[in-house]
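Structure incoming, see below.
Here the chain labels run A, B, C and D in written order, and each chain numbers its own residues starting at 1.
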């Protein structure tokens, strides 16, 4: 991106980091630039990759026009009525279309992939055996952990029955599993956050200051 | 009109996507394809609605001289500048021979992406690393058994997923016990817990989708029950 | 030289944490900005040390590599780049390693993105890969060995529509060449004509959507590289076999580089990653030790009073 | 190299330090051996041959089967074959799939498949036409002039076959059954709730704590903050958050404690005011409600976080609630609240933020608990009925898992085949 680009990038990076000391006009300026540039960026990408390539070059320019695409474009234009107070209620039509389509698709995808297929892969022979038919204790223990975790976790999220007696104990085991799960997420989230910082440090020290290469 | 039309659209769109899962035959399979095309185009317009709305809101802020309106000026200027650069890069590419993309390496738009957009967005999110650090010092406490379990599991994963804890015990053993343990946590208790959460969420999404398709849930079209 | 200074400084910082512990127990916790400084330095200094710590390979990464290594030359791989610059430190090294490997082993890449920034990150990965001397020694032709179909809006609906035809969602590549004129796309109609799908995902839409539609509905074989945040949610799919393998976060990327023997950024970042974790863990310990010591003191003073 | 030298010095230095410091010093390269890099790079297996006559065409694949691609909207034919016997001795580069409308040709290539594959789907057929297919194995080699060339096997056509659409995807019959069951229970329970039948919802720890938290604020004479997340009213989590706000507001009105709600969306502001006004009326103190209790700050994520943290530090509320959709700001907010010693009760469906809330807050409503709490407090038939219907789904899956595992362990029946959808 050239030396000028690197300097601009470095100054913007430091500008954002100045927030860590305290909220200040330099940070607010960088933030405003971020808001403006990213909105512009999205606008350009959606224009060329979708409106131009998918609609204009398919439905307007060629001889054999894909007339069906006009339906989408009309709905899209109706969306823009949102900007004009009086007729903004029309923008609910395209919104209704998106919400409905999403609901229809999600109803199937989540039920199948995240519920049924997960249940299917939890159902298995509780005793794992090695190739020679002997019991593989490590694997069996793993299967057991999965089974107990899924069952007790589901019991915890069961709201129609009071958590008392055996049911209550199962729910307590369930919450432990959830806590271990959240702990894992915690660890992985920290890992992600650190990586982001490393990326920026690598830019500042490497590309900009050239201390490391 | 204001209520019935959107309600009808929601139901039809929802049914097409749900029913075509079971019935591939015409007209369901075919309308699913057409609706799929429409969704992509409508979403592109929705993004443009967002862009125009940002211009509108920022413009109003400047007009009304709202507090800190100066930043709205910056937003408008940088937004317009990005659009100008993007469109000029794009149309130059379209009329060039051979054609090139608006985002190809070497275009002005790519320069803007690499030297302004990338550093800003990446830096913005990298600040979270600092916040995680300060929260771990000041807020993450083993205040009860649940939080304790969470912190222990987080500790093992954090220290095991990179060769950190294994290095500490390296003088005593050559086994990568902590790496193996972290991997085991991820693949067994974590997978089990995630699966329980996943099944619950799937049922939640299924039920809210059902209510939307049947018109029981209408908040998206601006109405309660 | 630089490395020595960094190491000495790091040691001093490590020592000073004991002072922080002392202050915290005394009930005078250090300011937020001091913690920020610790985190910043804790990540910055190790970058100067340039040591690649040994890294055991986890089964999740190994599974993916085994699958990729079994792909025959000329296999068509659909590569979905669903991430943006903030996730690039984790995902770009995976992408670069994968692209290099694909070029060297003659896997044909069909690149696309459900995130607007994805195809642009893919372009960067290709540019980096083509600079590699071994890659450059083979001649690679755009449109024949790889093609960048660009971005399409519509999130998971794009995958859904690609189930019938790719062309409906990507009528042209980024250079506006019509789908039917791209040699690589000849006779590739939908998922049934590609051998593997590789997703680099940072969120939604990403791996979860690719599993739900690409795998469960269109029977694709899917491998994934995820940011660490995203990875935890994907493990159930890995267990159930809906994913052939998973690269999680920076360590996943480093392992991937190691197994494919494509040394890259992730390996050099690993030490900084370790120290970053060490810092956070140290602060959690300090905070909690102080919390319990103070709680006991309060309890004692309460009983005394 | 400089790098190695400095690490040498470091290794000596190592011995002088305390063992505790090992965590920071163990990273010298003397302990970390560099990974050996000795793997050679494989190139594409193209046989280089100068004498083309020496190449014998590979044997064609055996028993080619062509049939309509099952359960689709038409326009596709599946072709499968047994791998060419010459694959084992490396004489096959791949397969070509060819198609014609006449048994005698001419055949055109409609696809190719790599070595090792045994099936292909031709997605470019017309349902009204009948087709014949040939699958040929081929070997690719570099000719004398360096150009790639191919020799293909000679095989016989198979067919005729035509593609057709189907009315029902029979692979998915179990999905229909189970989805139907859950959907029916949801609708049934919504109807029951509408008729005023009482539906039981178990106690939720975080909600039980609300009374205590409000009481504590009253005793201390301090404020209560309620943060409804940073998403708009179209997010179900925000809606659930506002339902809980209603309950908190009613208690606050009864105890006459100041409740403050900073929001980041104007729609949320309007809705929160409505909901609070109603709650204050219910508590019999409609005059105590002030519109200023709910105020809009900014839509910007970090700007909002900074503003709310500032308020928490300045005003030191006794209790802070976080109920709704939270992202990265969850960390900043809960950390600040924690440092001022406030009781914090959080609830969100954002999985990635839950760990931080659990670690930093006193009570956390985990995912679905947020929606359950909202249904429990609002007693709204749609929410209550859905909650019950979903519980039926969970019960179904629980029973299936337990029975399935017992059957599978006893080797009686593999129930997973019913739930597995491909």
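Rule of thumb we're sticking to: contacts are C-beta pairs under 8 Å (C-beta built on N, C-alpha and C of every residue); 3 or more make two chains touch, one makes a residue touch a chain.
The model shown is predicted, which means the values in this text are computed figures rather than measured ones.
Trainee: Of the chains shown, whose Cα centre falls closest to the middle of all protein Cα atoms?
Mentor: Chain closest to the assembly's C-alpha mean: A.
Trainee: Where is the C-beta contact count highest, in terms of which two chains?
Mentor: By contact count, the leading interface is A-B.
Trainee: Using mean C-alpha positions as chain centres, tell me how far subunit B is from subunit D in Å, no decimals.
Mentor: Inter-chain centre distance comes to 11 Å.
Trainee: Please work out the Cα centroid separation of subunit B and subunit C, and write it as a whole number of Å.
Mentor: So the centroids are 16 Å from each other.
Trainee: I'd like the Å distance between the centres of subunit A and subunit D, where a centre is the mean of that chain's Cα atoms.
Mentor: 8
Trainee: Can you pull out the residues of subunit B that are in contact with at least two other chains?
Mentor: Correct list: 17, 21, 29, 37, 39-40, 43-44, 47, 101, 103, 113, 117-119, 121-122, 124-130, 132, 134, 136, 138-141, 143, 146-147, 150-151, 154-155, 158, 161-162, 164, 167, 186-187, 190-191, 194-195, 197-201, 203, 206, 208, 210, 220.
Trainee: Where in subunit C do residues touch two or more of the other chains?
Mentor: 2, 36, 39-40, 43, 50, 53-55, 86, 88-89, 117, 150, 152-153, 157, 160, 164, 169, 174, 176, 216, 229, 232-233, 236, 239, 248-249, 251, 273-274, 276-278, 280
Trainee: Where does subunit D touch two or more other chains at once, residue-wise?
Mentor: Those would be 23, 27, 73, 175, 179, 182, 302, 351-352, 355-356, 358-359, 367-368, 393-394, 397, 421.
Trainee: Over in the complex, which subunit C residues touch subunit D? Could you list them?
Mentor: The touching residues are 1-4, 7, 10-11, 13-15, 46, 49-55, 71-75, 104-106, 134, 138, 164-165, 187, 189-190, 192-193, 195, 216, 219, 229, 233, 258, 261, 263, 271, 274-275, 278.
Trainee: Could you pull out which subunit B residues touch subunit D in their complex?
Mentor: Against subunit D, the touching part of subunit B is residues 21-26, 29-30, 124-125, 127-128, 131-132, 134-135, 138-141, 143, 146-147, 150-151, 154, 164, 167-168, 170, 197, 199-201, 203-204, 206-208, 210-211, 214, 216-217, 219-220, 225.
Trainee: Any idea which subunit B residues touch subunit A in the complex?
Mentor: So the residues of subunit B in touch with subunit A come to 2, 5-7, 9-18, 21, 34-35, 37-54, 56, 68, 71-72, 74-83, 86-87, 90, 101-103, 109, 111-130, 132, 136, 146-147, 149-158, 161-162, 182, 184-203, 205-206, 208-210, 212-213, 220-222.
Trainee: Over in the complex, which subunit D residues touch subunit A? Could you list them?
Mentor: Spelled out, the residues of subunit D in touch with subunit A are 174-175, 178-179, 182, 199-203, 300, 302-303, 306, 351-352, 354-356, 358-359, 366-369, 372, 387-388, 391, 393-395, 397-398, 400-402, 404-405, 408-409, 411, 414-421.
Trainee: Spell out the residues on subunit D that touch subunit C in their complex, using ranges where they run on.
Mentor: 2-3, 6-7, 9-10, 17, 21, 23-25, 27-29, 32-35, 37, 39, 41-45, 73, 76, 93-94, 109-112, 114-117, 120-121, 123-124, 351-352, 421-422
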